[in-house]
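Heads up, there are several structures right after this.
Heads up, the next two complexes both have chain A, just with different partners, chain B and then chain C.
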Partner chain A sequence: MRRASARFALVDVALKIWRYDPESGERELREYEVDAPEWACLLDVLDLIKDKHDGSLAYRKSCRMMICGSCGMRMDGRAVLACKERMKPIADAGHVPVISAMGNLPVLKDLVVDMAPFWNKIRAVKPWLDPGYDEVAEKERIVSQQQVNVINKESLCIMCGCCVSECNSMESDPEFLGPAALAKGFRFVGDVRDHGEVARLNELNQDHGIWDCTRCYFCNERCPKGVDPRDAIAKLGAESIKLNIDHDMGAKHAKWFVKSAETTGWLRETELVPKTQGIVSSLKEIGFALNLAKRGKVPPPFPPHVAKDVKEARALHDLVRTQGREGAAGIVQGEHALAQIEHVLEADERGGEHGGD
Partner chain B sequence: MAATETRRVAYYKGCLASLSAKELDTSTQALAPLLGIELDELESVTCCGAGDIHEAEPDYYLHLNARILAYAEQTGADTLMTICNVCTLNLRQANWQLKNDDNLRARVSQNLETVGAPPYEGTVEVKHLLWLIAEGDGYEQLKQVAHKGLKGLKVAPFYGCQILRPSKILGFEDPDRPWSLEAIIEACGGEPIDYPAKIKCCGFPIIQAREETALGELIQPIEQASEAGADAIVTPCPLCHLSLDAWQSKLKKATGKDFQMPILHLSQLIGVAAGLEESELKFKRHVVSVEPLVEKLEA
Partner chain C sequence: MEAKHDVLVIGAGCAGMRAAIEAHDAGADVALVSKIHPTRSHSGAAEGGINAALGNASEDSPEEHAFDTVKGSDYLGDQDAIEILCDEAPDDVYQLEHWGAVFSRTEEGRIAQRPFGAAGEPRTAYAADITGHVLVHVLYEQVLKRDLTVYEEFFVWKLVEHEGRCQGVIAWNLLDGGLITIGAKTVILATGGAGRLYTGTTNAYACTGDGMAQALELGIALKDMEMMQFHPTTLAPTGVLITEGCRGEGAYLLNSEGERFLKRYAPNAMELASRDVISRAEQVEIDEGRGVDGNVLLDMRHLGAEKILERLHGTRELSMVFAGVDPIHEPIPVRPGAHYHMGGVDTDTWGRTTLEGLYAAGECACVSVHGANRLGGNALMETITYGKRAGAHAAEWALTNTTVEVPESAATDAERELGELLDRREGERPWSIRNELAETMHENFGVFRREDQMRRQGEIVDELRDRYESVVVEDKGRVFNNDLTQALELGFLLDLASCMVVAGIERKESRGAHARPYDFPDRDDENYLRHTIVRWVEGAPKVEWKPVKMTKWQPMERKY
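Right, the complex of A and B next:
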């Protein structure tokens, strides 16, 4: 049993796994304990359990190296790739993690979810290049590094579903396209070779699209590959508004913040509802608004609450609009610094100088 | 009971505390000196964009936030204190980008100078009031300040999203197992309630554009806290406060459930325990009455 110890140290790893039997419909939390090599990841431990204790345990796996995206599951409620999570620190701390299937997708058996709704949403964003011609060009099309950088992060997606698992909007609206499909959408909207940008954005601006994102940031937190889907959704919003695809209430809402900042500096809060929903819809809210007004929650728009030196904010708006960083480019320009976060934080922990430029 | 040593911070109150959530500003202003925090309120600043300008015109978002950071830097304080989750994320994200990319900061600073604002050198840290209290001396001072206590009141902490995630930009605590609000509730003499939705979204960013989806999110913390027997929910974010407090009536309309759950700003919860007056707490500005809670404390 401990034969392996001649080559490497073993650790005692305990897990609780939510089992689900689709035939009986029964759910049960079962505990397992195995001796695992100290380098074992969660997937290795599941393999040991299946091999030595219970061959009926169901989970998906393939590459074992964080690139196929098969082994998404929850550990203590957090969506993770089983092949990325080292178990030794957890076992050393005496913690017994609870393993369960990912959220927001139907469970088929144990840790296996039905990915069909996920793939349907990926397909819905037409995840293929639309070059705008039928005949293959005679000359090679050169794409610069700078042009590739725009979609670099979104291209890293391995479609594991971890970002979808805890998506708060999707919990409330299962039809929401969600972080993986929208990040995939930007991967093509932002591709300089693609000629379907306007058509794509028009589709993504419909219900259950870009403006349904509630900005809970669970997707950025969970993504094991650094795609940051929420940022991709913001890039889609920024590209839409740049191209005047702004019919959605979400786009109107976002634009009102810009208008507020450049006119009074502060949010013109009371006007936000009619500017977002239109006059007719907002009239239906009058009872609700009056109730809030009684409590001072509807600040009068006149005289406006104007920030000191607001002329600077106005001038800044005029100035930056001439500098060619509109749309997604305004977000992409910050990614160079954001990509260094782990690097800098680790260096700070070591007490040394960081390598930021 | 005022603190002996004071720490001066640049104070950015943001839009809501200037407008519909004035009670957050007045209670923060009254509480800060008790906690040894001297507020240097920024005047020449604007909205941070609330994530909306980041999504509409991200380059303008970066410049507006750089301008706020530059004015904070001009006060000489090393910390810019926020009292809103959304301001915290927007400012910290911009700050990280500006501090770690010299070319980007040079371009933005030059633009700031062109319009007459100070350039940004990258010396300021952005911290939420919650963090200033929960870390180091703040927590010890809090225990002395909260002399009236909360009489074992059951309080449900609601963090909201943008003070936890993305943790690589926020990074104060484990985003899945945060502890700061619980520690503060305990230090004030209350009993923290645990419930799964305390780290989830209140629905506010889409409450106007997608009300049904937002209400499906909003009901979770209120219902779970209510079932766990909470007397009140406390939140460090005025946007969460607005949806949890003002939109409860819409939940009643949509689901028939009338929770009547009082919602407190962080500064109000500590303020009550520290014996602040109604003129500072301004509970009368809440949509859901805080009266049952006040009666319990006075009983």
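Right, the complex of A and C next:
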């Protein structure tokens, strides 16, 4: 095993770290420079700094292979797993990145955040299977690989908190359940073995639930594991509407988009407000609506404006129904998902062959 | 005493959480203590799968599973323990499935199983190549469902023995600082392995052998400590794990000449021989100059993109991030790395140690189902089956005994000792000792072992222990002071290294992971078909022996 102690080429890596000392309350951006092996990732560099410069530097770590989810933090303002970021290209470019704690969670010390609010939200979605029985059957339940694939991405989640760190909705509403908990929610809603779908969706449709997502897609973009939490939220919305769980204004709003596009091929904006908020509440907006109409910002409601190729719009809706792609199955969003469309369609054509062998 | 429970489980990986669930369901008041959040546990890094004779991919039986395990252990495994494991494994896996584990599926919709090293049948149930991740999360879900108390980010430092019983622990609160005493009628160690003894290891930073070292301090026996498994496929330079599932799916191992060299070492099983055999073969190829920059090559290009994407997605991700290699297009450079400690706290088949009230399960325990070499897929299974058994027994014992007593002095002594460490201003910081320990263990106590190197390593560890006496913790704060806990972990590692080296010197044969090609190249059943037992006696490790339990299988020549 002589190779283990082989020496590697070194790279001069510089970092700026936002330090925070809870005992003195001091907050300070400090710069460090170390010689790191050329293969070093951000976590290795932090280790070198802690060893050789300052033993009080605090950050979490464990597996260093992108599976335990301990080392979420920010580099130049975006959430990363420290064990996943290679430093050589950054150092070679002469860049000195700024490292700070994740966002949307209270900072305890340096790069360590309080994860309690994160876990409380996970707990809030009742994250365990509701099997619908007490006695365990003799063997396993029969589930096809295609059914498993529905929750493949959500099962990859390592609970690192990177998505929550970046969530714009949570920044304005700290009570928003947020991308990680909602992805966990879909992990059960999408599981054919779970019997709690309706109850779960009713819960997730409450205030601070799925409809409070602003769809900025930062969670999809920053998730280090390709979970695509925003897609999970979209799937939860689609499942809710499929099951007529539409008490939230967000659901009503979305539903009207669909209905309107299906019937006339256009979004009928003048009806959108009463359909979303209800007649009584929208009466208050009448002055505003008239002003909009006066300035030609909205078309007159009557007669309804029907698109020229409305048949195409209607045919699309029929197709979705005949293919059984209502609900979660119809949601294809985000870069990762788009990249997989071909794969999914191919698998469908082969019909079932996709299952493991 | 700040808190008190019937059953206190230390460590919240697969074994710990499974034990806690079982103890709770038996009616006990249970708490888990873990220095990291449960889902951060290193069980989550297990990739390839979990072995149970479900018979979903071929005809199979617990008996065949047991035989493969006995042979794989190079006959050092205790056969009663192995039979229990293999008999209970199928139901334990079904239980995980009913809790919601997201397994991969066969065409019939059953749990999929793949071939694994040294297994006669495709027996390894899997969830793509993230099986451990899936199990850790499903167990944590069940912990949440039961609303179990979890002391998260509490670092257990000492076990408390009082009146011949283990009655609790003393732990450092990482988030807020300070020591607390948690009393318990029974304590279950489920603290995992000690791979951090080596530079090239698949193990997480958390794998510092805490539970084993704490048991050792109380005079409890550790078993087969020389048996450290080197996994054949770890990524240079740091040892990130590449799953055996790759070879299970059909990947080849090649040397620099493009030769599938295993035909010269294991002509029948080839890439699916046992791990000890393959790691040695790789090391010989590398040492004899047929390596590629200190590695051999794992070639899975012929599996095709679809199979790689569907079943080995995580492996591809690791290869691309840590080696810059996409296995769809290029072979992955791999080499042996420290992976799994077959040795651990000596227990019976209910997880009981020699101290009343103290149990152990999972990698920190040695029951022993793995003997001198563990089969891939048996570790996860052991965590579940023996975690469950330890939990059941600990609960039963706790529910029939009432008292918990921890003398005041336990806490005050600990406070004083910690105070001395934190007050020290002059001395060496731990990192250089830690690095030297890991480098020298790799050099002198690795895949192949020589008497002179082992003796030298014993001296090195003694020197490092002397230096550790005056180690300095730089961080003097209370909040998230892991400078402190890392220093304490180093102490644990040093104790364990001492035990490993003395046991290795005493075992004058080659068996499983303990290979001495230069002086004792063969297995010696006459003298060494027995476990090493190490106890800490008057400041030094002392080796004794214990017979192997045999039920049906007599030792045979082991070939793959």
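Simple rule for what comes next: the second predicted complex is superposed on the first by the 311 of 357 C-alpha atoms of A that agree within 3 Å, B and C clash if a C-alpha of one lies under 4 Å from a C-alpha of the other, contacts with A are read in each partner's own complex, and residues count from 1 in each chain.
Please note the rule applied: a residue touches a chain if its C-beta (ideal position, glycine included) is under 8 Å from a C-beta of that chain, and two chains touch if they have at least 3 such contacts.
These figures come from a predicted structure and were not determined experimentally.
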So, does A:68 touch the first partner chain B, the second partner chain C, both, or neither? second
Chain B versus chain C as contact partner of A:244, first or second or both or neither: neither
Is A:23 in contact with chain B, with chain C, with both, or with neither (first, second, both, neither)? second
Partner contacting more residues of chain A (chain B vs chain C): B
So, does A:131 touch the first partner chain B, the second partner chain C, both, or neither? second
Applying the document's definition of touch, where does A:322 land relative to chain B and chain C: first, second, both, or neither? neither
Between chain B and chain C, which residues of chain A are contacted by each of them? 356-357
Okay, in this complex, where on chain B does chain A touch? 15-16, 18-22, 43-47, 49-64, 67, 93-94, 96-102, 104, 111-112, 114-117, 161-162, 164-169, 171, 175-176, 196, 200-201, 203, 205-206, 208-210, 212-217, 242, 246, 249-250, 284-287
Of all residues in chain C, those that touch chain A in their complex: 36-37, 39-42, 44-45, 54, 93-95, 97-100, 102-112, 127, 130, 132-134, 137-138, 141-142, 144-145, 175, 198-200, 204-206, 236-238, 240-241, 283, 286, 294, 309, 311, 314, 317-318, 321-322, 335-336, 429, 431, 439, 442-443, 446-447, 473-483
Hey, which residues of chain A end up touching chain C in the complex? 1-6, 8, 21-23, 37, 39, 50-52, 54-56, 58, 60-70, 84, 86, 108-110, 112, 114-115, 119, 122-123, 127-129, 131, 136-145, 148, 151, 155-156, 158-159, 188, 191, 193-194, 343, 352, 355-357
Could you pull out which chain A residues touch chain B in their complex? 76-78, 168-169, 171-173, 176, 211-218, 220-221, 228, 230, 233-234, 237-238, 241, 248-258, 260-261, 265-267, 269, 272-273, 276-277, 288, 291-292, 295-299, 305, 307-313, 315-317, 319-321, 323, 325-331, 333-334, 336-338, 340-342, 344-345, 356-357
